[in-house]
Amino acid sequence: MVILQTLVKKFGIWVAYLAVLLLLPQLFDSILAISIYNQMAIAIVFALSYNMLLGQGGMLSFGHAVYFGMGGFLGVHTLLMIENESVYFSVMWVPFIGGLFGLLCALFIGSFSTRKAGTVFAMISLGIGELIAASSLIFVDFFGGEAGISGDRTFGPTFFGVDFAQNIQIYYLAAIWTFIATIFMYLFTQTPAGRMANAVRDNPIRAEFIGYSARRVRFISFCAAGLFAGVAGGLFALNYEFITEENLNAATSGRVLLMAYIGGLGYFIGPIIGAVLLTLMNTLLSTYTDLWLLYLGILFLLTVMFLPRGFAGFIMMHQVAWLRGRLTSLIKPYLITGLPALVFLLGVVTLIELIHTEDETLSIWGLSLTPASVPTWIVLIAITGAAFYGIRRSLPQLREAWHAANKPDGEGN
Amino acid sequence: MLDVLIFATLNGLVTGLLLFMLASGLTLIFSMMGVLNFAHASFYMLGAYFAYSLSLYFGFWTGLIFAPLIVGVLGALVERYGLRRVHQAGHVAELVFTFGLAFLIEEAVQFFWGRDTKSYQSPDVLNFALFTLFGQEFSAYRGFMIAISVGIFIGLYYVLTRSRVGIIIQAAITHPNTVANLGHNVPLIFMGVFGVGTALAGVAGVIAGPVLTTFPGMATVLGSIVFVIVVIGGLGSLAGAFIASLLIGLLQSFAIASDVGMEDLLDLFGISFPYDHALADLWGLTLPQVAPILPFLLLVLVLIFRPTGLMGKREE
Amino acid sequence: MTVPNITRMHETNMTSTRRFSLHTFLLVALFGLSGVAAAQDPIKIAFIDPLSGSFASIGNSGLKQLQFAAEYFYNSKGGVLGGRKLEIVPLDNKQSPTDTQIQFRRAVSEDIRIIFQGNSSAVANTLNATISRHNRRNPGQEVLQINYSAVDPILTEEECSFWHFRFDAHAIMKLNTLTDYIAMNPDIKKVYVIGQDYSFGHVVADNSVRLLKEKRPDIEIVGTEFHPIGQVKDFTPYVTKIVSSGADAVITGNYGADMVSLAKSIIDSGLNVPIYTFYAVYDGITATLGEGGKDRIFLVHNETSNPIPTEERKQFLRAFKAENPNFDVTQPRIINALQMVVAAIEKTKSTDPYDIALALEDMRFTNLSGEEMWMRGTDHQIFQSLHISMHTDEGIEFDADNSGYGLRTIFNVPAEETVVPTSCKMDRPRR
Amino acid sequence: MAILSLKDVHKSFGITHIIRGVSLDIEQGEKHAIIGPNGAGKSTLYHLISGLYSVTSGTIELKGEEIQNKPPYEISRRGLARSFQVTNIFPRMSVFENVRCALLWSRGFRYSFWHLLGRQGELNDCAMEVLSQIGLLEKASFPAGELAYAQQRALELGITIASGAEVILLDEPVAGMSHSEAENAVQLIRQITEGKTLVMVEHDMNIVFDVADRISVLVYGEVIASDKPAAIRGNQRVQEAYLGEVATHA
């Protein structure tokens, strides 16, 4: 019995994770749903690998897409090699190949870029990123110019009759790879190298006085991050069967930064949240409105300003209150502030869309508005303003309740 | 050949000085607050767009004066309500914040002004050839650009060396920590410097808009280059920024002007490669082809071999 | 339960297609059901092009034209196949190959079988490859690619596919016309070629050099230059080279900001030579070039612009302008493509891509300008007369960007003379 | 022989000469205190010994091997640990992790990414032991950054001694503590440096004379005296150079 409990404690979360990954297609199985799952799987691995740099190791990189892209390019080249039978193994190993290549690049670039963290590292990563992206357009043989290179994943030996022609098959493969990658990235945080990465992030000087070279520690996390970014790239190659310059340029590097940051740096689950969130925004929100990038930008800035630890951090914030059994006391104040906040949000979005639309009627939240009519504007602005006032009024109470909930009982600081 | 040399120099000068107008603001901001402002080029873009809108109604010159002011105020507001908030979270958070800001501003510009290129024209007063050399005109407007940039540089130099605020800023550049103990209203100075820095970027945008075309991508084209300059010049060193700006400007225009390529280089060593070679692309490279990415190569090399930059004192 | 829902939403008008496609998406995602085709269901056409991000202006104006044409020719006149409306489903690909494939999968799960796409040959190539794979792996679910402006010759040469139809003349055809026109001008002795450093840029450079050698051996190519896409801040250094090369004509395949900046720098430097190009018009470019570019920028394109040959096309243009004051009909080929596809549907009384494809092959169709177009069966390349037009403000009835400036056609090449051989070996699906 | 010995060590920043030829021998197991007025160069001396600064000239030997100008991590691996004047811990990690990281190298884990720390029972027990020594057992899972000042100082000590180094440099271990806190701190220091070589910089003379069995006086970068506490008390030069002023303080 006790053993069972400990087992559940130890592995329950992982079993649940695997179950979710494998059961998603049972939930929604449309072609679109599957393609979204595939994106999520790739994004999760990529974002987690980025978190190894910034979250665990304190290295802000503006060029992480390089290792993702490199892994992807070699992945597609592997597909081509399998196709013209210069190598013979199942395509299910492509992510592994991609990972190795990502690691290789990281070994080379990390050897000089990890000397310092902070601004210097960030700038080097930026420069390297630009260089690789630029040369990818110049060296057509390997990168295929702006059209990129494309292959076909249905060649090579089948895996128990599975030829990976259908995206659903790829998804199950991706799910397994994602699961494995996640486990290994988690285990890495539990090793001396992983822990010292945190130590170096917190206080490089002190780390040197307990026997560790900060540079070596950074180098190791950097390589690990490159490896898993490469795995993600390999998954990309399998899913899309092509890859282009855009997958290793600054935009992709920026996107993964957004994912990791919005999700929550430093918390292992954070990047997973971020990856899922941004994938959904990219596929769903862009259907709602062509302003989705604007909203993404706003969301990101707000996160940086008000939730420096991201969504995961926001959840973890409540740990203390929960441990002290006072979480329930927060529900009411949250509602009091939350409702006007929601109204305010909807109001602002409506206004933005109203300004933006070119049609004579704007259909939003099931109601249709006419940009031409002045009353519409007045009402909207009034509502939004009122909501804002409501927030301002109720915020102090929330703060109070928060302190009350987190105040340590008895002595302490 | 001579004509090419002369014009390459002139072009390099124009670009270099323009870049310096951005780099100087960026350096000031960094020196004071230790923030590398990723969104700096975005303020440059805002400058161009505001000037465009103003020029539609009040003409170019009004834009030249007011657009930078608007941008400066915006910058100050960003510092006051955005950066200051993120400050305690550390430099990485600040860098990420400005990164997000750049992202947001680009989207905002597309939201308010639309995505197509704007026909922002230089004033008719300056639509004549300053001088013609070897059949190529050097437009008065470019001369005007040089004049403005130099003017700004002198003004900046004067303020920094003569005025009281300038002295404080100087102190901040060399001893960032001491300023706080000087008993000046440091937050206010920060806000001011950020405002002025962004306003400088605004000026650059106003005068660059008509020649370099005003479109939503203009920030990204310039953005990382300015970064490169500040880092190469040495974080927090105005002189360094100045040298680096001219260096990059000239480097690029000369690289483009030149016609040498990998082959010529290899010929020097008497090496030659078949064109069906796997690396044929590499042997085929020409300097003009790679000119725009040379700065990044320079950046990486400098950071590896001299992380403090050409004239920088401190690394972080 | 959800079925009445669907039918109700089918009545929604064009303006809310975004919302519509979202609802369908939710249905599809949540219940994995794709609308079961009933007699009165609309015929859905996906428009996959950049609708957000920096290339969005071109995508959006293309969308406006397609939507308007669908309304103007069919929906307002009771639809096709006896009452089925055309419905344009806009899918934003941000001009990224990756997002293109994502949107392609969405189109498939919304059971859309016809895809319009035009911007960027890179996107067109990946979409072409994706569709070929998809159609091979999912017989019965085939999808048709209607390429209305990606001009990379490869799409109708080595990479040609039974499921891909191009309604624009490809780069080499256009260059043929362009060089014909240059060759006619005895004053041109030295030509300078500059382009973006990617496949289209290189195609333009290589072929213009080759063709000029054939047509005017006396013309000297005084320089061929490549620069990275969207990386160049200031083109003046390049112009300096052009000047010192003594060129008296410039050929470039640049588009977007690179085109504007290049033209501006040339104008500023007082270098008074003609610029022969492809994409120096509309979406703010015409307005930006304005007076400076007058009578010196020459474009090659299909469909004559001012003077407009037929009254019906004038009516169409006026009607479009009336409804979209801020847009122009920048790509008549979109309308041609739509009309020919519908013609094929009506002819075969079927919306099955395979039937449509067969009907399109070797179809001859008279367009709004009253000229006959021919879709060659062997490589699915359209052939129609090509034209050279000049950027000017004289004799402009239909201007661009409401700037008073526009294109005046000054040179025509009849369709039969534009025909070029193809190396396409198409493998045709058997049914 | 001396476990730690400095021979004519000089350090100057530009033109300013901070350490002007310090020679010092510290025997195995001795409790050595370095005192001196502010700006005498005590901290600089520590930075030189522990490898944060490089010496301008002279040699520093640890257990007979020269260690001057070696990076801090090499010196630390050779068995010399130090604490800092300003608290210097890993704020975002738990108290337990702080100590465990300090243990890693000496336990031979090096840069391993194949050991799972959760499985290293003996390592974790050891970390817990250290925690109980410094009295932070019940705070084990607390983020180090949120401890009270005195507790952070204690953790600082814990990190310093965890590696089991024979030579321990403490830089003003009780600075900024209340009297009672200082009392406990001293007790703690006594007990955890049992049988080890301790070098200590401290301003509180009571503590110095209480703990140290040998004292060196550093004035303007030079050691003007190095002797038993009693002798130091009697020393004339020290009197005028230093203790006089301190006496007024005390």
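A, B, C and D label the chains in the order they appear, each numbered from 1.
The criterion applied here is as follows: a contact is a pair of C-beta atoms (placed from the backbone, for glycine too) under 8 Å apart; a residue touches a chain by one contact, two chains touch by 3 or more.
Remember, predicted model here, so these are calculated numbers, not experimental data.
Q: How many steps does it take, at the fewest, to get from chain B to chain D if each step moves to a chain that touches the one before?
A: 2
Q: Can you identify the chain nearest the overall CA centroid, using each chain's own CA centroid?
A: A
Q: Give, as an integer number of Å, the spacing between the C-alpha centres of chain C and chain A.
A: Averaging C-alpha atoms per chain gives centres 36 Å apart.
Q: Can you work out the whole-Å distance between the CA centroids of chain C and chain D?
A: From the centre of chain C to the centre of chain D is 75 Å.
Q: Measuring centre to centre with CA averages, how many angstrom lie between chain A and chain B?
A: 31
Q: Scan chain A for residues touching two or more other chains and write them down.
A: Residues 134, 138, 291, 293.
Q: Counting only residues that touch at least 2 other chains, which ones in chain B make the list?
A: Only 110, 289, 292-293 qualify.
Q: Give me the residue numbers in chain C that touch at least two other chains, ranges are fine.
A: 56, 197, 228, 231
Q: According to the definition already given, which pairs of chains are in contact?
A: The set of touching chain pairs is A-B, A-C, A-D, B-C.
Q: Contact residues on chain B for chain A in the complex?
A: Where chain B meets chain A, its residues are 36, 82, 85-86, 89, 91-93, 95-97, 99-101, 103-104, 107-108, 110-111, 224, 227-228, 231, 235, 278-282, 285, 289-290, 292-293, 296-297, 299-300, 303-304, 307, 315-316.
Q: Which of the residues in chain D come into contact with chain A in the complex?
A: Residues of chain D touching chain A: 50, 52, 71-73, 76-77, 81-82, 84, 88-93, 97, 100-102, 104-106, 109-118, 146-148, 159, 162-163.
Q: Considering the complex alone, what residue numbers of chain A touch chain B?
A: Against chain B, chain A makes touches at 54, 58, 60, 62, 112, 115-116, 118-120, 122-124, 126-128, 130-131, 134-135, 138-141, 250, 254, 257-258, 261, 291, 293-294, 296-298, 300-301, 304-305, 308, 352, 355-356.
Q: Touching chain D in the complex: which residues of chain A?
A: Interface residues on the chain A side: 187-188, 190-196, 198-199, 201-203, 205-213, 216-217, 220, 224, 266, 412-413.
Q: Which of the residues in chain C end up touching chain B in this complex?
A: The contact residues of chain C facing chain B are 54-57, 197, 225-228, 230-234, 236-241, 243-244, 256-257, 260-261, 264-265, 268-271, 283-285, 287-288, 290, 401, 403.
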